[in-house]
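Presented below are the structures under discussion, each in the form of structure tokens.
One chain, chain A, appears in both complexes that follow, with chain B as partner in the first and chain C in the second.
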Partner chain A sequence: MSLQNVVSGLLLGGMLALIGMGFSLVWGILNIVNLAHAPTIMFGAYITYYFYEGLHIDPFLALPITMGILAIFGFLLQQFLINRIIKSTLLITFLLTFGLEVMFVNLGRLIFSGVPRTVKTDYDSASFSFLSAEVSFKKLAGLGIALILTFLLYLFMSRTKIGNAIRATSMDLNAAKLMGINIANIYTVTYAISAALAGAAGALLSTWNSFTPDEFGKYNIRAFAVVVLGGLGSIPGALIGGLAFGFISEIIGGLTIGSGLDAFTLSPWKEGILFLSLVLVLIIRPQGLMGKEGYR
Partner chain B sequence: MISKSRVGVRYRMFTLLATLGLLLSMTLAACGDNTATPVPATTTAAATTSAATTAATTASGATSAAATTAAATGKFDGVIKFGAPLSLTGSLNNESKQTQNGYELWKEAVNNAGGIKIAGKAYSIDITYYDDESKQDKSAQLAEKLIKEDKVNFLLGPYGTNSTKTVSAIAEQYKIPMVEGNGAAESIFSQGYKYTFGVLSPSSNYLAGVVDALAAQSPKPKTVAILSANDNFSVEVADAAKKVAEKNGFQVVVYEKYPNAETNLTSQVAKVKDSNAEILLNSGHLNEAIAVVKAAKELKYSPVAMGFSVGPGLPEFADNLKADANYVLGGSQWTSAVKYKGTDIFASSQKYYDDYKKKFGVEPAYQAADGTACGLAFQYALEKAGTLDPTKVRDTLAGLDIMTFYGQIKFDDRGANIYKPMVVEQWQSGKKVTVWPNDVAETKMLFPTPAWDKRS
Partner chain C sequence: MNIPNLFIMAVAIMLSIVASQRKNKMLGFAGLGVLALLLVAAPFISENKAPLIPIFILGLGAVGWNIIGGYTGYAAFGQVAFYGLGAYTVVLFGSKSRTPLPANSLSSIQDQTIGWSLPIAFILAAVIPAIIALLIGLPVLKLKGHYFAIATLGIAVATPQVIANIGCIGGTDQNPGFCLGLGTGLTMRPLPDDKEANLTQLYFLGLIAMTLAVFLLWYISRNKFGYGLFAIRENEEAASVMGVNTALFKNAAFVLAAALTGLAGAIQAMLQIQVAPNEDSIFNTSTSLYVIVICLLGGVGTVWGPFIGTFIFAFIREVLENMPKWFNNKGLIEWRDVIFGLIVVLMVLFLPKGIMQLVGNKGRFTWKIFLRNIRENSI
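Let's turn to the complex of A and B:
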């Protein structure tokens, strides 16, 4: 373990927080485990890629456009599809998003092909030294954006009328209805925000490593872990959960006991250990690190 | 209204169940596939789309069969039927397509040259393909279907180590010889099977060429770090690389495995950087290879050489890394630059390259040459055996020793071709050139790799 691992963990954590936030929002408020979240990240990555390759727009400049496109995508998806079955049991909504994921990934293979892509900018690998660690500019910018979006979302939820309505809906559906809140609209707005956040994550991820349409499925599982760690429906929770997940992941990856070839390393079992800690959190603190018991 | 505590309990139950479900499915996905299909959804996805493709392929298979038979009535005395389950859809689709092209190119060349001559009679070749959706179990089922229903005479290999392994069991069971060119793991050949032959260099050779090539450089580097994905094939390659490195007098300072298909490899590369290893070797897959190079640059780690088992051989490697791909080394089964003097219909790599490019419009990757070499092995064995009897053809294959455009094809008693060396390629100024072994190389290896900040 070194300072480098701490830095990498923090940078990775910011990304995971961003992914987890959108997932948490939809789960907490619409009560849907949204497996279509990962393909939305995929769309974000490919939109950024085509903006960069086709129109030479910098991925960071394209970020608001990508988020906008996916907000509209999320809006339409929720308005015309998910809202129709939102009152069904969890199993039905789960099945629908599962089906959507399958469809979108296949659509991705069809449109984008399985050829690996990356958004490779001029400053792609630029980094600065911080004590003994190297800090990548683009990843640091990614962390910054994740923090800004978290803050904006927090402000939106606590200071605006729609934000308050969204929170009211998640706290008590019937009371919210009685207060004249149009639940369907609230759901649509929430889903659109979640899709925009996923799009932002995809846009940032596209500059990290090469990707294919099949690459993104793992982020569903990671988002799930982030949400469970941090606490469902909580914005600071997603941030803490994401940072914790990224941190643990990098620390395990960098952990070496002993030296040379006989050293004991945990790196191959990284995923296993991560999810074991997740199960532990569920047993000891089922509401998550930041969640409130019984509050959804 | 439901009370708060009940909601809490229900939610908690569901969360637990869902976590378990996700964990389970993740494990299944991890066990099932070599090349990363991380979520069950995508696996199922392949299943849904490919039903149509399978139908299409079968249909096209049928038409090509009809065409050949029509031609056969005039020119040929009979048809030899080959069959191959291939990954026409799914995660291995890209590479598998090359294999299919390799088989097709061989078929066309042989049929145009008058077919295979067995005991004075000329036979045309027909190949039936089925789509295994990049799933090993499906490959085995389809191999069985090819043997039992389509009554193929012989099997050509599927794509990938996992599928080759399951199909080899079917070949053994029905005593139908299979020659394969895309399953390199030693574990395929250590099963004691008699009916499976691999024309390609087995996994132990994948990084051996790179290590040998580096051992011959001056000043000779001293330390090596090895990173490996923790799937069977990659670990075999990495283990063998470690042995070869130690034999060549290198000191292996890091030997680390990471989860298969992981592309966030900064912590692993940081560890290598801390060890100050002069050489970084990676045994994994394309996306991981790209990730390792990117992480090395980001962490300002400049080894004198970087070598990969899989990655640099594919054009996508440089498409993604641009100039950062330069100086990177990769092992390859075959390149169009190698200068073997073959006795086969293609005879030279140059002719193979030209024929392939003419037919398919793209350059052949080694996977294509692997496929063609499988056909050549069968062709020679059949002509020598003078019969279509599977057991006799197997015996002839076992004793085969031929020189082809692809290199020497000769099998050890396990059925592996340990006689053909791997070549080493290097990216130089945006072009991939063959730099090792010396007698087939196009140009000299660029060594040592300059530090990241000293590159133009």
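Let's turn to the complex of A and C:
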């Protein structure tokens, strides 16, 4: 374990927090575990790629456009599809999002092809050294944007009328209805926000490494982990959960016990340990490490 | 004879729908009889036996899932863990060890297997996943709803990694007891050379296991254990108050499901050359979802649901596999999974209670069923 691990854990954690936040919103408020979240991240990455390749727009400048496009996508999806089965059982809603995931990922394979794509800007490899660690500028900017979006979402939820209505809906559905809140609209807005956040995550991720449509599936289960660690529907929780997950996975990855030939690294155990500890957290503290169940 | 599998599957769907009708007992029994004849004859009249065996593999998994997911209402999304464990068990215990290698050769430990007789290996392939399900179930079944679903999903992701990292169990370093493949997988060589005869045997193994499993499902649905499970599904607190030992019942359902799924994995392992602890081999996460989709197609929580759903699923898969060949268009293979996803979405939207809902309407078909389903669930 070194400072480098801590820094990359922090950078990864910011991204996971951004992904987990959108996931957590939909889960906490619509009570849907949204497997279509990962393909939405994929769409975000590819939209950024096409903006960069086709129109030569910088990925960070294209970010608001990407978010806007995916917000519209989320709006339509929720309005015309998910709202049609929202009163159904847990199993049915889960299967719907599973069907959507399979459909979108394979459409992605068809449209974008399996060729690895990269968004390589002029400042791609620019970095500075902080004590003994190398920090890349693009990843740091990604962390900054993730933090800004978290803060904006927090303000939106606590200061605006729609935000308050969303919180009221998650606290008590029937009371919210009696107060004159249109639940269908609240669901649509929530899903659109979640899709926009996923799009932002995809746009930022596209600058990190080369990517193919198959690569994004893993973010669903990571988003799960973040939400479970942070507590359902909580925005600060998602931030803490994301950072915690990033740290743990980087530190386990870099941990070595003993030295020389007998050295034993934990990195092949990384995913296994992560998910077993996730299950343990679920059993011991189902409300997450932060706070209580439901939106706060 | 060379009858296309597609035709066999289509006839099996219709016959099983006829057999599942309770209104006319005579017709039901006649349907069941003809269905039994068809399934026994299938490997001899089919043009290609290989696609018929996976029907029963996924069918067994679906019956298992129906006990925990359909009857008990606990949406287990990680059945592939038990499927893979079953496959691993049968290879580990059933596969013959290769020729003895020098004791100090490091590469030799990759092929260490135990080589007991196959029937014992098959029994172990049900028992070992069941024991592990018991150990997992005791803590995990305390969770509810989404949390349970995710915990099982997490276990399904972790299981292959644990297997890949354990390496060898027992024995000394030079001469280990047996090895789990050290990440590269175990090679399967228990079958003699005559492939066609073996496929027929495997087909009948699958058919018998599936028949017994459906019979078990039927038996559970009409005794105290089944009623207890239904009570848990409807309202767990109320069931507990009425004297149902919920912890015991839930665990028993989970263990039964794991045993059946393990058996399914064992049969699948016989069709493969190698099992490896990763997503591309036996631990493919979509298997967990296929068994649920099968139950959804036929009707979740019903006796006939997994059975009918299995044939519908096999039919859809066969059509999607053959589509590029029929239209002489390679590009269609890319569309296969898109269409699979679309079918799931449309099923969930229009027929969430399965295909039986169409037949249940006194044999008459109306578009109103679809609209009613949408109206019921939309906000």
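Quick note on the criterion: the second predicted complex is superposed on the first by the 289 of 296 C-alpha atoms of A that agree within 3 Å, B and C clash if a C-alpha of one lies under 4 Å from a C-alpha of the other, contacts with A are read in each partner's own complex, and residues count from 1 in each chain.
As a working rule, a residue touches a chain if its C-beta (ideal position, glycine included) is under 8 Å from a C-beta of that chain, and two chains touch if they have at least 3 such contacts.
In this text the structure is predicted, and so the values were computed from the model without any measurement.
**Student:** Using the touch definition from the top, say if A:Ile92 reaches chain B (first), chain C (second), both or neither.
**Tutor:** In the superposed model, A:Ile92 contacts chain C only, not chain B.
**Student:** Based on the superposed arrangement, let me know which partner A:Asn174 touches: chain B (first), chain C (second), both, or neither?
**Tutor:** Touch partner of A:Asn174: chain B, not chain C.
**Student:** Tell me which partner A:Glu101 touches in the superposition: chain B (first), chain C (second), both or neither.
**Tutor:** both
**Student:** Counting only touches as set out at the top, which of chain B and chain C does A:Arg117 meet: first, second, both, neither?
**Tutor:** A:Arg117: touches chain B, not chain C.
**Student:** Taking the superposition on A as described, I'd like to know which of chain B and chain C A:Asp214 touches: first, second, both or neither.
**Tutor:** So A:Asp214 only meets chain B here.
**Student:** Quick one: is A:Gln4 in contact with chain B, with chain C, with both, or with neither? Answer first, second, both or neither.
**Tutor:** The first partner, chain B, only.
**Student:** Going by the contact rule set out at the top, does A:Arg84 touch chain B (first), chain C (second), both, or neither?
**Tutor:** Only chain C; A:Arg84 stays clear of chain B.
**Student:** According to the stated criteria, A:Glu134 is in contact with first (chain B), second (chain C), both, or neither; which is it?
**Tutor:** first
**Student:** Please indicate which partner A:Ser125 is in contact with in the superposed arrangement: first for chain B, second for chain C, both, or neither.
**Tutor:** After superposition on chain A, A:Ser125 lies in contact with chain B alone.
**Student:** Can you pull the chain A residues that chain B and chain C both touch?
**Tutor:** Common interface on chain A, chain B vs chain C: 33, 90, 98, 101-103, 105-106, 109, 221, 224, 228, 268, 271, 275, 278-279, 282, 286.
**Student:** For a test of understanding, state which residues of chain B touch chain A in their complex under the given definition.
**Tutor:** Per the touch definition, chain B meets chain A at residues 1, 4-5, 7-8, 11-12, 14-16, 18-19, 22-23, 26, 36-39, 41-42, 44-45, 48-49, 91, 93-94, 230, 252-259, 262-264, 266-268, 270-271, 273-274, 286-287, 290-291, 294, 297-300, 316, 319-322, 324, 452.
**Student:** For chain A, which residues are in contact with chain C within the complex?
**Tutor:** The touching residues are 27, 31, 33, 81, 83-88, 90-92, 94-96, 98-107, 109-110, 183-184, 187, 221, 224-225, 228, 268-269, 271-272, 275-276, 278-279, 282-283, 286.
**Student:** Would you mind writing out the residues of chain C in touch with chain A in their complex?
**Tutor:** Contact set of chain C toward chain A: 69, 75, 77, 139-140, 142-143, 145-147, 149-151, 153-155, 157-158, 161-162, 164-165, 183, 289, 292-293, 296, 300, 334-338, 340-345, 347-349, 352, 374, 376-379.
**Student:** If you look only at chain A, which of its residues touch chain B in the complex?
**Tutor:** 2, 4-5, 8, 12, 33, 35, 38, 90, 98, 101-103, 105-106, 109, 114-118, 120, 124-125, 127, 129, 134, 136, 174, 208-212, 214-215, 217-218, 220-221, 224, 228, 232, 249-250, 253-254, 256, 260-261, 265, 267-268, 270-271, 275, 278-279, 282, 286-287, 293-294, 296
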